[in-house]
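The following pair of complexes shares a single chain, chain A, combined with chain B in the former and chain C in the latter.
After this line comes the complex of A and B, so read on.
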């Protein structure tokens, strides 16, 4: 087990270098001068531009800029953004916001997904199963942007059940509405996957054997069907968790939640390579950790793929 | 947060009648610091306006200049040296008296290039600026110079100082209302970084509570302010909501008292918030930029042909809340003439004739638009269609990021037309003509240069009589319209929503202000 984790961690290093280098190159290749972007329409005197350029290493060649950014990240000297914000402070403020949103949204998504997926799987072709298919199609067709604004207008502005935006009312009130929208938009896929997986497993030989042995229906369900049916779902959840960060960019902007997604959006807008790489590194590390966790979970669910 | 917990439709009369508080939404990322000298973005300046008082300001009723911190601003005969006398008895919010030394030292700090403060450029007109901003080779870090002070800046006594400019400039008095010239007290000057989040101003409001990263800014009336007039509000909260549509929704929910109408709501705000909106003529000009470096556009007749082929009324309707442009300066400026442009009325026959006289146009005409703007492509295609139909030109479109378009244009590599705009920093038509048309002007996006125009501008700058100066600047506008490096398109109004408890100040000279709102 320890060896497996170590091997994974070691393999992550070169991938991490590739990912950060790639992301940095993408930001670097974006057209336009970052400082000009910051200044808007107003002209900046040459001396001011030169001073800012030196401060943010913008006058160095690409690879030097990348190495300096990586050095800053690895030594924990995050410095300040172009706009003058202390990056370490920003992370301290923003990580909890994104974590709260992501976890709450996932809780909604999993609860709904598991519940409807299991129910539809066992009552195949029942009305829940049929409406789930319909709901899935509808939800997949609704663009997130539209759903977020519609929910904000309906539940925030008109009905006043939830705050319109911001985190002034704290956890959980400020987070419920965005988390619900994310969860509802996302649960359908999970439910469909689980439903199909259960339907397949129900017809597998080992289930027939279990039934033939005379095991009770409950035991067949919880001990024989679910653990096997959950395998693909666990993979899906892992990928989905990792993808949440990308989704946070839109949600946090619309609901004005000052989390990492908003930070990423600002950084991309201003072409702040250092910040983008820092956030990508964070996302990458959490991706690796989540996947490691998922792999260990497999072993718990299915002894055949246990990594000892 | 008194105003934000209203449960009624629009926080009507408010609870206590004693305290007048308002919440102003700012559709931008939260500020990282408040220092007017290092700030040229509108969110930062907006907050600074509440906390710092300028030397002079424009009277919202008459449009005339009035003194605030200054007791008098006097030019010499040539308008080259200006003597500024301060009113006695004003202090900073830390209790220190406001003196001429505070201005002189704060301005010197800003003028020092190695400090990289954003309003550094303002001082380029002052004698001695170049010594503090020596040219820096590419890639080098500017170092503090041996000279620390502008030779043109002299303290005369405790309340008087003088500014000597490089060349005569009759409009200098007007420029003094810019908030980027606010004074910083000595303790802040010693260590500006330590005061990033606890600014000490000299204006009507001070921070009401500690202000941490990402927080809203809460201000309370400062009793020590002796300037006049004084805003009515007792408490102001600036709430930062980066997404403008979200800020608009917060207003509709009754959580903020004042919000800008975002471009996406221009068609719907009057029904969304009936009786709760105001508009003002925007001080700005929007136009098409002709690439001066492209020989195909050299003939002024061709430029006039393009201008005549544009149906400005239809285009302004498309933009929304806009009026067709009739000249190169904003309509709220003294010296604006609504018949300045002879080539701005839509006339397809005349346009075709002009095009013929110019010898036609070879190749497709490219129109560049900004892909980060929601409306960029729509506007480009509208102009393109007019040129195609009315001039028979072949038109193509290129979408790029705004900063990339600027960069390409700066290096003369941009192909074809692009959109741009300019708004003044101080209310004078000079602040349109100099930046936009003077050779190497700050906002001379067409990179246009005409010695005759430069000469008229210099004459206007040296003319102490305001009426005569305006006449000279109008001559410059006429030259620019004949050469037409920029094709005027429209002037846009701004719209704002306000809650029932406040009435924002609306002035035809200085626009709409929530800071100066009247409480009902």
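After this line comes the complex of A and C, so read on.
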């Protein structure tokens, strides 16, 4: 177990180097000058410009800039953004926002996905099952951006059920609308996967054995079918959870939630390589952690993959 | 050898159909047999002959739909399993009548320890506590001769070899000391030496408990080793019913004869093994009259006229072949 975790952690190091290097290179390659972007139309004195450029090592070669950024991240000296905000403070304020949004959205998605998936799987070809297929196709066809704006307009601006944007009304009111949209857009895939997995498992021989043992339908479903049908779903949930951060960039920007995603968006706009790499590293670490957790959970659920 | 035990399970005129997009298909047609306490009855037939479907239908584990019981009764000690409510049937199937399946790797739940799966029988049917049930499960593993049984109750199915896994299946089926054990091709997935061990074990455990065993198989060798009586099925029909020794020595139905002829034996060494010409008919296109007539060496035009009835040719011997039953009847006169 410990060996397994250590091996995973070690394997993550080279991948981490590649990911951060790649992200940094992409930011570096973006056109435009960060300081001019920040200043807008106002002219900046050449001396100020030069001082700022030196402060952020903007004139150093790419690899030096990268190494300096990585040194800052690894030693915990995150420094300030180009606009002068303390990055460590920013993280402290923003991480809870993103966590709240992501967890709430996942709660919505899992609840809907598990409920409809299980129901449709056990009552195949019933009306819930059939409508689920239709709903899935529709939801998969709707681009996230359209759904976010449409929901914001309909429920925020017109019906005024939820705040249009911002976090002034706190948790959970400010988070409900974006979380609902993310959850509803994402649940269909989960439900379909679970439904298919259940339908496959229902025909397994061991289910026949369970029936031959004279077990009641409920016991067959919950003790024999579900534990097996959930296995592929666990993997899906893990990947999905890890991918939530990417989605947060768009959602937080649209709903003006001051989380990591919005921070990332601003940093990319300003070409702030250091911040982008820092956030990418955070995302990467959480990705590795979540996957590790999922693998451990998978081992608990499926004895066949233990000690691998 | 005739067994005089009580008739435990009596199947009468059982017919099962499957609804398919191209209309109903009859997989089992008017099948009757019975098994007594202490008797081992073999149901012999090739794949698709309806041998498994008939037992799955009467125990209620057949997927219905698409399956459908068209007619027939299956009486356990006089109570018809087919007419029973599911709730009533569950008290008998899994408790007094239990089953063992062919492929133990897929027939055991892969994510539950074997102990838990055996213990489930005691928990559900006897309401035992988890601890007591697990203790009984370990005892059962010991009874089916699994070495270090107490240590292995917590192991998972994939951690056992094929033969050991089939023993686990047996332990699970015999946990509640059933009256009837239905073993559906219990040795098919195993290699020959292990096959013999499992059959021996079933026979031993049967003798200890005086239970009736229904052994479903396509292997004539298996039948001759352990079965008291044999029911031969072809395309959903019972074509011959006899004591094993008699069926093997003097087969009446040409299909049984063909099966016997195609068994490898020392006498046939070096020669090509005889086979029954042709293939079993698709259930969609069963020949009119006798289903076997297209492959039968002694078929005559009359065979196509109607389905030959299962007639008694001698005490305890029935066959469904107009050529043979009429012959035997003539000889008897």
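Here is the rule we go by: the second predicted complex is superposed on the first by the 304 of 308 C-alpha atoms of A that agree within 3 Å, B and C clash if a C-alpha of one lies under 4 Å from a C-alpha of the other, contacts with A are read in each partner's own complex, and residues count from 1 in each chain.
What we mean here is this: a contact is a pair of C-beta atoms (placed from the backbone, for glycine too) under 8 Å apart; a residue touches a chain by one contact, two chains touch by 3 or more.
In this text the structure is predicted, and so the values were computed from the model without any measurement.
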Combined model on chain A: chain C and chain B, fit or clash: fit
First (chain B), second (chain C), both or neither touched by A:164: first
Vertex chain A, arms to chain B and chain C (CA centres, degrees, nearest 10): 160
First (chain B), second (chain C), both or neither touched by A:2: neither
Most chain A residues touched (candidates chain B, chain C): B
Which of chain B and chain C A:44 touches, first, second, both or neither: first
Touching partner for A:209 - first (chain B), second (chain C), both, neither: second
Partner chain(s) touched by A:219 [first = chain B, second = chain C, both, neither]: second
First (chain B), second (chain C), both or neither touched by A:29: neither
Touched partner set for A:55, first chain B, second chain C, both or neither: first
Shortest CA-CA distance between chain B and chain C [superposed frame, angstrom]: 50
Interfacial residue positions of chain C with respect to chain A in the complex: 56, 59-61, 63, 89-95, 98-99, 101, 103, 106-113, 120-121, 124-125, 156, 158, 169, 172
Chain A residues touching chain C - in the complex, by the definition given at the top: 203-206, 208-216, 219, 223-224, 227-228, 231, 301-304
Of chain A, residues touching chain B in the complex: 30-34, 36-37, 39-48, 50-55, 59-60, 81, 83-86, 89-90, 93, 149, 152-153, 156-157, 160, 163-166, 168, 253-256, 258, 262, 266
Interface residues, chain B side, partner chain A - complex: 1, 4, 7, 29-30, 32-33, 40-41, 113-118, 120-121, 124, 133-136, 138-142, 196, 213-214, 239, 241-243, 245-246, 249-250, 252-253, 255, 400-404, 406-407, 421-423, 442-443
